[in-house]
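Below are the structure tokens for one structure; questions will follow.
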């Protein structure tokens, strides 16, 4: 950590997008299946510890569990089990030194807890829109629009989140659907017998309704698991919707974006209400995060870029999400200072904006 | 500047694609709205000085106006106003040390002047095709093809330029449209009452007619303002049109290209008449230009890559366009020399080709 | 070569995808037309020696022919001719130090020889599926499915290869076509009089039939010559087919991938049967291969990445394919070691997996 610029080492971080922490002990298969976006370990492809992220777990998390750096994966997992999930989660999530978490509780299996449980820091809710739709649609298609609005009116969440990328892709018609269209879509959905919200009309309706209420909307973009099709998650596909929603003046925050992070930066530059991050990618690429973050920061205004871990299930991912981000941000700023592209006060301002000030402004925190 | 290789520091530069310089004094909002591709400053996103480009203005342009490097933005703008636009424009455009400008006069608000006014260097015209169409279509649909041809026959321009990317996207039918199709399209356009050329048949017609007359055609690709949709500006969408126009043997020059600059480089490698640049991106990413330029130079033959600033309105952008390009090119060549990938004579040849020889050959200058 | 880590300098390499070596002497035009993916030298664009690859030929291959590094192109070509193709091929292919070649014999003009002829190493066959279809379709549409199956049943090849990217693009319907559909497609093909397999139904049929027999299928993706359209060669377009074929548990290997190598890495992470390489790009970008390889290795598990040259015709490309790969891999590993991202044993394991172990597992070699 000694390579960190002081203004990054001491930087307050608001994690504006993450998930819950799994509180149960894991065997090797269980651990690996949560490590990356792969659903399970491939017998054809060796172990998922053979990856940038797997190396980072052994390199950085091992020492926090009193192992030498880069102890073998089996030793790491044995030590993890002997300490127990509660102790490991407390140690690793605390070590992330994150001041506040915005947590998407949309996918929340048994045994999950919010990360703030382990740190005593503050936790705020992000409402997953598709989950909301799935919760209220059983009441019937005709009342579906009203039920969605009621839920949004009374939510305590600071933001909403759309996973349209996973369900219908991002090539959304920008028009606000009429209630009649929404009811018809809910009708089709109920008739299909599926519990899963996977209808473009409903996805658009949810985004518009959230923005109407001044709720910033986070949108999954790019990198994720095998349920998505990457070229349908190009943020550029959202352009018409971004044009249509710009007059509302409510933030739309593009999450992850890898490998479309340059395209996302362009959108954040030209649309006043668009913000971006490279969460998930940062720890996924681990020791290579400096290049990815530098690319992401090419054209995006520094007032439009946010920090997130997108950590899910494994406490390691909170810690590594924060660590790889801090190292990459420090490298970015150090490189600029070294060639006198900006002064120390500029570096400090950029760090502050990205670490927490942008999140505070976007989500109107405190 | 002392890090520049001598062969780059003394390099003659032909800016094969830029715009006019604004001759009026600007307040902060006016300056920022011309600084990046954002239409205006976002109240949600701090200042556009919080960007790589904003830092570069303070770092590099400030000292030319007798300020210390990285003086605050407000000081910079106050100094700029106290000197007056004429003096600032002369100072900054001259400092770019560009030997010749090819200027697109298609967007030329009141108060614009050609950059050569400030330097005494030579200026040649690039004819914006959509603007030509907009100028001649009021004469009537039936005479539209003939009027376009007459104008192209008598143009003093050294190249034509298409902004089809902005108007209809780059996924153009490659076929040369018949006059009957063009007249029908002009008819529809006139009936629409719009003054704006936004018809794919007409875009194709304009490109074909310019190439028929041996006029190299510059095509806007990739990065630009919020009027375009980035995935519709992927240069690969032009592939069929490039195949169809290859037999004419007239250059097609893909402009900007970011973030599709690798795809553009591929097209320049495999199509004999295709050339590329990374104008606009170079100063937009500012101190990070070395990586973008290096990527752009991965597979493109060095005989197919050109320098441009794509500067518009602000004199800062001519200076920074040339400065960031020179630094990035020098970094590229120095890195190659350092690992003995090529010899000094090779570096000098690459610099010469990219700086001006390719432009001279493509546009038959002198 | 002295910058290579010992574990890379001594690394066994299995080239899992390459072509034949041309045994005839070449003039400058003949040499240049085989050097890059350009079909011929452009009079508009100087020489193809003005490229990263052209410089690498002069830098690295010259000294193996007893010329000083970076001797002029004409000297290099004169020396090449005076030694004769047989001697040059033996020298350069041997210098690649490749232990085993998997050779696609689908495009095999007169004068071609397998690379192992020059080295005494082992050579295995990859069956080009479109070539197989072209060979058997003249027997008639009704027997086409059976003839394809017979050929696949009796092939001695260790893998099949699809060039659907070139013929129909990668946006393939994932469904296994029925025999009736295949016969109808073969009928249409025969009626067209074309000798060329360019039908999506047949492409899909060939891939499914190969996988059914446990034959790993290599798929051309991304970078290639002017016959392809790059955006139709995005590996993400294969997602539905990858989902559909996953249950078979037979490897699908995405070749080249540039500039979509990050997308390919994502697919290799989330689909258990998907593997990737950056063959062709490695020597095409030459001294810049380190960045491309590092990007390709961001999210791909190290158990899913393979080495290939994709060398075709020129012996230089085998040597440079191996050399640029070794240097780039060594740079990747050295950078990680330098910042203690992993230990030497990890670096050695990653090198071994990528150099030959993954190929051995995927193709069940030995």
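Per-chain residue numbering starts at 1, and chain names A, B and C are given in the order in which the chains are listed.
In this text, contacts are C-beta pairs under 8 Å (C-beta built on N, C-alpha and C of every residue); 3 or more make two chains touch, one makes a residue touch a chain.
Model, not experiment: these values are computed from the prediction.
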Checklist entry - Are the two sides of the chain B and chain C contact the same residues or different ones, given that same means over half of the numbers occur on both copies? => result different
Item to check | Rotational angle, Cα trace of chain A fitted to chain B, multiple of 5° | outcome: 120
Checklist entry - CA centre of chain B versus CA centre of chain C: separation in Å? => result 36
Checklist entry - Going by the touch rule set out above, which residues of chain A reach two or more other chains? => result none
Checklist entry - Where on chain B does chain C make contact in their complex? => result 234, 236-237, 239-240, 243, 249, 251, 262-263, 266-273, 275, 294-295, 297-304, 336, 339-343, 346, 349-350, 353, 361-362
Next on the checklist: List the residues on chain B that touch chain A in their complex, please.
Outcome noted: 36-48, 50-52, 54-56, 58-59, 69-70, 223, 225-226, 229-231, 258-259, 281, 284-288, 291-292
